[in-house]
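When the chains are written out, they are named A, B, C and D in that same order, and each has its own residue count from 1.
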Amino acid sequence: MHKNQNFRTDLACEAIQRYQENICNTITEEITKDKLKITKTVVGLEDEELVGKKKGTYFAIDLSNTNFHDTKSCMEIEKALMDVLCEILKENNLINKKCLVIGLGNINVTPDSLGPYVLDNLVVTRHLFKMDTVNVGYSEVSGLTPGVMGATGIETFDIIQSVVNKIGVDYVIVVDALASASISRVNKTIQVTDTGISPGSGVGNKRKELSIETLGIPVIAVGVPTVVDAVTIVSDSMDYIVKYLNQKRMGTSSKANALTVKEVKIDYEEASCVPENFKEHLMGQIGMLEPHQVKALVEDVLSPNGYNMIVTPKEIDADVEDLAKILAMAINITLHESLRKSYLG
Amino acid sequence: MHKNQNFRTDLACEAIQRYQENICNTITEEITKDKLKITKTVVGLEDEELVGKKKGTYFAIDLSNTNFHDTKSCMEIEKALMDVLCEILKENNLINKKCLVIGLGNINVTPDSLGPYVLDNLVVTRHLFKMDTVNVGYSEVSGLTPGVMGATGIETFDIIQSVVNKIGVDYVIVVDALASASISRVNKTIQVTDTGISPGSGVGNKRKELSIETLGIPVIAVGVPTVVDAVTIVSDSMDYIVKYLNQKRMGTSSKANALTVKEVKIDYEEASCVPENFKEHLMGQIGMLEPHQVKALVEDVLSPNGYNMIVTPKEIDADVEDLAKILAMAINITLHESLRKSYLG
Amino acid sequence: MHKNQNFRTDLACEAIQRYQENICNTITEEITKDKLKITKTVVGLEDEELVGKKKGTYFAIDLSNTNFHDTKSCMEIEKALMDVLCEILKENNLINKKCLVIGLGNINVTPDSLGPYVLDNLVVTRHLFKMDTVNVGYSEVSGLTPGVMGATGIETFDIIQSVVNKIGVDYVIVVDALASASISRVNKTIQVTDTGISPGSGVGNKRKELSIETLGIPVIAVGVPTVVDAVTIVSDSMDYIVKYLNQKRMGTSSKANALTVKEVKIDYEEASCVPENFKEHLMGQIGMLEPHQVKALVEDVLSPNGYNMIVTPKEIDADVEDLAKILAMAINITLHESLRKSYLG
Amino acid sequence: MHKNQNFRTDLACEAIQRYQENICNTITEEITKDKLKITKTVVGLEDEELVGKKKGTYFAIDLSNTNFHDTKSCMEIEKALMDVLCEILKENNLINKKCLVIGLGNINVTPDSLGPYVLDNLVVTRHLFKMDTVNVGYSEVSGLTPGVMGATGIETFDIIQSVVNKIGVDYVIVVDALASASISRVNKTIQVTDTGISPGSGVGNKRKELSIETLGIPVIAVGVPTVVDAVTIVSDSMDYIVKYLNQKRMGTSSKANALTVKEVKIDYEEASCVPENFKEHLMGQIGMLEPHQVKALVEDVLSPNGYNMIVTPKEIDADVEDLAKILAMAINITLHESLRKSYLG
């Protein structure tokens, strides 16, 4: 996997997009619900190595056209996420099975605290089942916040594996903050997958994978990218600059430094191809590099001086707080029929 | 153990004091260091049932003459606690052995958050030992905050036992907030014992015991009482009223309602015996009851209406924050020789 | 006001109840809405000194039969509080006038943080009015959290007065945590009054009054008692003991120490009178004291030793968080018609 | 000031550096203390417009070679900051005068919470002076956290001005989180100046200036940059890329895409000039743009899509917590001689 060594992302949709010309057995479909675009991607075995993502199903709920600090939008997102979770549970035959929800991350580092905060709002029932005091319409749910290795000295996987073996659950839902390869997706995408998770892989600090292969039971992972590294911001932007100027050239025959046409919103992800000679004209030798070469160059430039910070938006406190409530509510109404009924009706 | 069913405390010193006339094989010694009174109590097997505390060693560091929000006093307490921990580790042959420190409690309920906050300030090294990157002067320490059953749905003991079995440690230090049977000890006593702990036993909500008998390895428990129930406050105070008025009668021949002599500080714990007829004169039939009968009566009065609140001082946020730092520092300098040397200077 | 020097409460309903035989010009009416009992008390000038509360209107919303951690109950409370606020604004001709909402208290001391947390959830619009960018259906609202004198070195009144004079508002809503004289009302009553507030008066630490007399504009105060002192708990309970045993004597001819009939819930506030001779039989000379004498005695007993802690329920974190959201929502939908419409419909 | 419209920084040292060829009356001197480089810059009236910073004295303490999470380094920084504060107070004849310390910012937005957190650790004494209960060795200090306009609806300047006028102080120390124009200075520089502050100016959201001109009393500002915008990260990095490749070309005759020499740490701030033709070779037309043109271009590219996030390092929680303690300690030992003596000795 030499080519994507500099391409760090926890999001399958980003990995797919990057290698889309070369994928041979991956299917993507897209639906729109309210203001939410939901993408379902099924990665085939043949593409695992190419895209650096495991075979299986990945959903991405795109929040970029909605405002999740608003009550009404929250409910739309909660319902969409519930639908996705229900579909993935159904496909994996996990409806009403015993579930352990795990909140990965560090509660003291805000952009890494999504998992623990979701757990704070989770409705757990396993202890009530043990005491036979649970009401109808609830399934057996337990929760765990194992902490991070830097704070426990214990490999997180080991804590989870030993608890899973001890308490006997049918599957695991893991919630974690992710890393994005694009500034446009930070705090703007919810990913759900049945392939499990490799904590920290998006920031180059890989821990033991949590998956059916390693734990022996299905692992559904739910995550939101909350950070991006400076290298990503810079190489993304250099790409956007070329696309932006190309767009302006075609539309308005403007020159590179004619910064007159303002506020033309461009969908950089979808932008048409920029001719090679225009790239060279604009960006010289650097314009000729492949995207992964640009990333590698920027990393060489920034890393030795400690400038390759992992960054997060200034509003991270409010973003994580509200996203955690949305994720918790969606998980609660997915797992407990009784809560779902009263929520929906 | 019918007699002490209403006598809820996690502190051995309180239990001993209450039954001191009847104990037959329990030794108490007391030393004073700076402004700290340190009591060491060794409960014998014969007294286990009577005092409701397991056979073993209990230390109590009394903070009532010091101000633990002050830097200098903090250091005195940290050193005293380090000495106590070193002594108890030595007696149990645990010096430099592999230690797992467990922070019991709920980080979202301030008076119950002492354990998790201590863990936030713990220096863990186990992962560095696994990678062979640890410096000289550090022992192998790991940490765990298992959460509370109401938030996880899992018996806390089960999480701890499965992790202990998985990672292979030699002993456990458990940190927890305790319940006191006296308002005078809330946030004012640090207890250290080698007998383990029964989480929640001080508030009548007993969980599975953590001890060498149940975990198979030594369990050192470190705790501070942070709460007291209203029943305790009331029955304590009714006892104090009689002692106070008796003191005044002897000293000043005042009458029950002659509330003229002000601000006479009385050590109610040590106060001399009050004659029966004076008790009856003052407090009627209720004055004639045994202490445990008073407690039972007050509980009957307050509980049905939900008035038997478990309460905590108004200043609990600052108290827990500073106590957690003290406990963490003392544990760190006890376990890691290198930190101890640089701390002691 | 010698008699009530030991009777510390910020709640008018408690003060009225205590002196009900002697009041001459105070009217109380009670309505029930959903599970909420709402009491409106109009204290007359003649009773000011007796009850220690200023002439004016006081509403008390009793939350003891509801669970304010539950979404549906929250909405009932929010609507009830909105109704009360609307009524008091109407009576004082303040509808749609310019309002400054002030959150008194210390955000770092949980039981004292109600005010600042309400302000965190307040919808302010004054700056939008200044920029003429405000939508229809919003009134002009600003907010201020002045801090506490121990943290600022400045009399809180002085900060408020200078800001009020500077920015030109028509009236003030002050939100504060209060002290109760009864354990049964802690976190269980919302008081609203048009008489203003004397911060800290309920805990014997009186600051300059905030009222129309001192600020020159109407001051509506909204508060919830979050603390009670140990003296109150003890003297309340001693009173309850006598009532409890009297009730049992009449109902079951039980003796003082026959603690056999369990779990009879008694409304101690409404309990019938206890005969003097029974009081003496039960409680001796202390049973003969007037309530304020009992309080004074208990204070003399507890205070010199530092045992008269101001305490708060163990669950204070969750209580304050949820109460603050309720108060903020009720204030928002009271002040902003547009929010009210979307909330109600 | 057209040229620097895209050059947003609150740091004078950054502004000076950018325009260093053109300044005519600005003096910079540098001293090194422990691992700290301290720069003192005196901006002359003639350079005000050019550099966009007011005439006066600016100190910058560079933390990039130290670790402020370490106790010993903290003390070095605290002492250096104390020295700077003492010097600036002396130059302005403010020693032992009455001081109001103001914590600007929003406690709920971590990168903006530096000011309020410093205030949490400030030793205030004004109320003790008013009661004549203050000890020798303390000067009269008060504190204020006015909040932000978005949360109060009130211009922050108005709150401060009205309180200043009311309570009568001799000068003001303002603490605020700043914006940097360089990723290398985020959480790595403490700036102290006697020219006051324009809150929000570093992020293009300018509020009324706080200065001797507007408040009528001297305003000392202490700040740390905690955020940077994406535009800055990108344009900085594009500049670094050229410098990096130029350095490699000279040292190793490598080509633009020969990414073989790794980990050569380059001081980009000090790097020698890059020949124009090499710039064009590498970066095409964009390499020919002036730095402010690059910034303008990047802003045009990123802003319309909402990609110009203001970002902060992932570790912001711990950074702000520890920096706030350092600033508060330095202010406390500067203002209170008694604390200074016990700190230093």
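Quick note on the criterion: contacts are C-beta pairs under 8 Å (C-beta built on N, C-alpha and C of every residue); 3 or more make two chains touch, one makes a residue touch a chain.
None of the values given here were measured: they were computed from a predicted structure.
**Student:** Give me the rotation angle that lays the C-alpha atoms of chain C onto its copy chain D, rounded to the nearest 5 degrees.
**Tutor:** 180
**Student:** When chain B meets its copy chain C, do both sides use mostly the same residue numbers (more than half shared) or mostly different ones?
**Tutor:** same
**Student:** Using Cα averages as centroids, what's the distance between chain A and chain B in whole Å?
**Tutor:** Each chain's C-alpha centroid was found; their separation is 45 Å.
**Student:** From the C-alpha centre of chain B to that of chain C, how far is it in Å?
**Tutor:** 34
**Student:** Quick one: report the Å distance separating chain B from chain D, using the average Cα coordinate of each chain.
**Tutor:** It comes to 47 Å between the two C-alpha centres.
**Student:** Find every residue in chain B that makes contact with two or more other chains and list them.
**Tutor:** 108
**Student:** Looking only at which chains touch which, which shape fits best: line, ring, star, complete or other?
**Tutor:** Graph shape here is a ring: one loop, exactly two partners per chain.
**Student:** So which chains actually touch one another? I want all the pairs, not just one.
**Tutor:** A-B, A-D, B-C, C-D
**Student:** Spell out the residues on chain C that touch chain B in their complex, using ranges where they run on.
**Tutor:** 108-112, 183-184, 186, 227, 230, 233-234, 237-238, 240-241, 244, 255-257, 259, 262-266, 268, 280-289, 293, 296-298, 300-307, 309-318
**Student:** Would you mind writing out the residues of chain C in touch with chain D in their complex?
**Tutor:** 107-108, 119-120, 122, 124-128, 130, 141-145, 147, 149-155, 158-159, 161-163, 165-167
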